[in-house]
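Please see the structure below; I have some questions.
Each chain gets a letter, A, B and C, in the order it is written, and its residues are counted from 1.
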Amino acid sequence: MIFLDAFAWLFDPVNWTGTKSIPVRVGVHLLYCLGAVLGASAIAVPLGLYVGHTGRGGLLLVGGSNALRALPTLGLVTFLYLVAGGGQVGVLIGLIVLAVPPILAGTYAGIQDVDRGVVDAARGMGMTGAQRLWRVELPNALPLLVGGVRNATLQVVATASVAAYVGIETLGRPLLDGLRVLDYGQFVGGAVLIALLAVLLDVLLALAGKLVVPRGLRLSARPRRRVKQVEVGGSTA
Amino acid sequence: MKRTLAVIVAAAFAVSACGSKDDLSGANQPSTAGEVVVGSADFTENKILAEIYAGALKSTGAKVTVKSGIGARELVVKALQDKSLGVVPEYTGNLLNYFDKSNTKTASEEVYTALKSAAPSGLEVLEKSAAEDKDVLVVTKATAASGVKSIADLGEGKYVLGAAGEWAQRWQTKIKDLYGVTFKEIKTTDAGGPVTVDALKNGTAQVANLYTTSADIKANDFVELDDPKSMYPAQNIVPLLRSDAVDAKGKEALNKVSKALTTENLAELVKKVDIDKQTIANVAAEFLKTVQL
Amino acid sequence: MGELAQYLGDAGTRAALLSMLLDHVVLSLLPLVFAIVLAVVLGLVCHRYRRVNGFLVGLSNVVYTIPSLALFAIIPAVIGTQVLDPANVVIALTVYTTALLVRPVVDALDAVPAHVTAAATAMGFRPWRRFLTVELPLSVPVLAAGVRVGSVSNISLVSVGALIGTGGLGTLFTDGFRQRYLAPIVVGIVLTLVLALVVDLLLVALRNALTPWARAGRA
């Protein structure tokens, strides 16, 4: 019943044209998510690599990223809207803050997880610190790193709906509007779109992950990776 | 082994089922004569009114809780009917339009009379107040200076309107029928909140739907557009309740509140909260004191 | 700062904050407790019946793609609760947290060395007793890691419920936003962080109490 309404909403031509159409909202939604994941990666990957490589500040990093996880996105977005006088910057920062912990955890765990024997062998071959990081540790850390990015993406795609509260035309719009007037068709339709988008991006990232991870690592990384996902997981909103 | 498992699964579900029925904030219990849940929509004025209603009901000895900031009318009425709520502050015109989609009445008395018979069974409205809070389309001073004084001056496809999500559904056809007005775009902002006001201020919208008691209109020198054909109906404040949720004493107290409210003192209450940052509870309590409830 | 002092100076506000905080605790931790129970049961099923495993892990991934706001509001339509019932939030968060915890439980149970379970069986433990006294305790460290993530994310997620009228501390964000008032928003963020920290410390303490052998090993 509800899903029939959602179906009707999804395939109503009215919702496919104009400035408030589904394609436009999907685009805006994607843009914010992309910006957030890229921004978060730019912060979290170098930080995770540094801490993982040097072994310095590991405790601080874990504590700090757990505190970040606890930051309520809605609070951050409303706060930044009022401080910055607009929604765009606030939403982007809020989503970046959401995406940093999983990517950070993935990168750090990935480096930590590299067999010490392998690193020692690299050292024995006369590799410098930087060479070890780039040619040994990073490739070995990639499966977990990509896992972190996938988790971050799932969370960001689901949470970007909150942006509609401060007037940004993401896919959260049909959710909030539908909710206000109890129009379940619109509401569930929006939710379905967000879920589809999340699944699609996840599949794409999984494929990308397969391409970037060196073949020799794919088999050996698999069993351990599942256990590590525990620390990498997190919240959606 | 299988049987034990089945028992455990069943037990877990039983536990979660009982637990979820736990009384978390009192509001999920059907409100009976002893316990009244007052609800409000998600804007300041309505929240203040809900606090005032709650205070008035408390003075009759009833046990009262307030459930503030629920979405729009559709959700609030549903919540009244499924007994999540007992009383909500409402507005005659929009409420009538909601109950009777084909309604064309707009004058205060007419609307109220029609509303009394239009309310679905189980729900009723008490006496209406003289206080009114209407939807109003506003523009900036600059836009007004360019010759936009009335809704009719908005023309066809010239401006972007910022309004809450439900506006288009409620008014898009009416404004076209009455004034021949269409918008370049109807941007969904919020119900007269910061997003709407900021959209008008920074020019992403040139017309905004606000409410006549809003403190933002004066604070930003916005100009209210005339509505000569009464597109927006009279919007007297009126308590909407589930008949069995409030006793006779309670109804009497709510009627007393309605008598004491005026458009002016209501606007003043809104200003105290939105601009002076006083708490809704204090503003409501102070008001109740001045009207001796 | 002055704004903050004015805001917190009001006794009514402080009382309201306390009640929102309590709501928040219940709304975020009740689902955690339900989810632990459900995840242990489901995890055991997956551990014993491998075919279910793939299905449940896939399902939990799908659950995670549903926006919480959507889940909060769809529940009344699906199971017929009242639209404003806080149970909607509790059920939605239980679903999320269970999805989060099932995999670690399975992994933890899988990781219990075969010789340990074999030894327990040899000592005459019935499967059920073996599960409760050997396998489950041994999986506590991994489970605890998942529970900590779950508690933090629940505590931050409850706020979103404010958009449907049940938000605990999240109400401070929507109220503050409409009034353009930073004080309540800042207080809401700080209280959320403090709550998450306190609960996390308690969970660590609980984990340590439940795994005395880990301490003995370290000493």
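In this section, a residue touches a chain if its C-beta (ideal position, glycine included) is under 8 Å from a C-beta of that chain, and two chains touch if they have at least 3 such contacts.
Note that the structure is a prediction, hence the values are computed from the model and not measured.
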Contact graph of the chains (line, ring, star, complete, other): complete
Chain at maximum distance from chain C, centres defined as averaged CA atoms: B
Chain centre separation in whole Å, for chain C relative to chain A (CA means): 20
For chain A paired with chain B, centre-to-centre distance based on mean C-alpha positions, whole Å: 37
Overlap residues in chain A, where contacts from two or more other chains coincide: 81-82, 165-166, 176, 179, 182
Contacts with two or more other chains, residues of chain B listed in rising order: 71, 75, 78, 194
Per-residue overlap in chain C, given as positions that touch at least 2 other chains: 83, 162, 164, 174, 177, 180
Complex interface listing, chain A residues touching chain C: 2, 66-67, 69-76, 78-79, 81-83, 154, 157-159, 161-162, 165-166, 172, 175-176, 179, 182, 184, 187-188, 190-191, 194-195, 198-199, 202, 226-227, 229-231, 233-237
Chain B residues within the chain A interface of the complex: 71-75, 78, 164-166, 169, 185, 187-190, 194-195, 198-199, 202
Touching residues (chain side chain A, partner chain B) in the complex: 18-20, 81-82, 85-87, 164-167, 169, 173, 176-177, 179-183
Chain C partner contacts - residues on chain B that touch it in the complex: 1, 4-5, 8-9, 12, 15-16, 19-22, 24-25, 27-28, 39, 42-44, 67-71, 75, 78-79, 82-85, 193-194, 273-274, 277, 279, 281-282
Contact footprint of chain B on chain C as seen in their complex: 3, 6-7, 10, 12-13, 16, 23, 26-27, 30, 33-34, 37-38, 41, 44-45, 82-87, 90-91, 94, 127-128, 162, 164-166, 171, 174-175, 177-181, 183
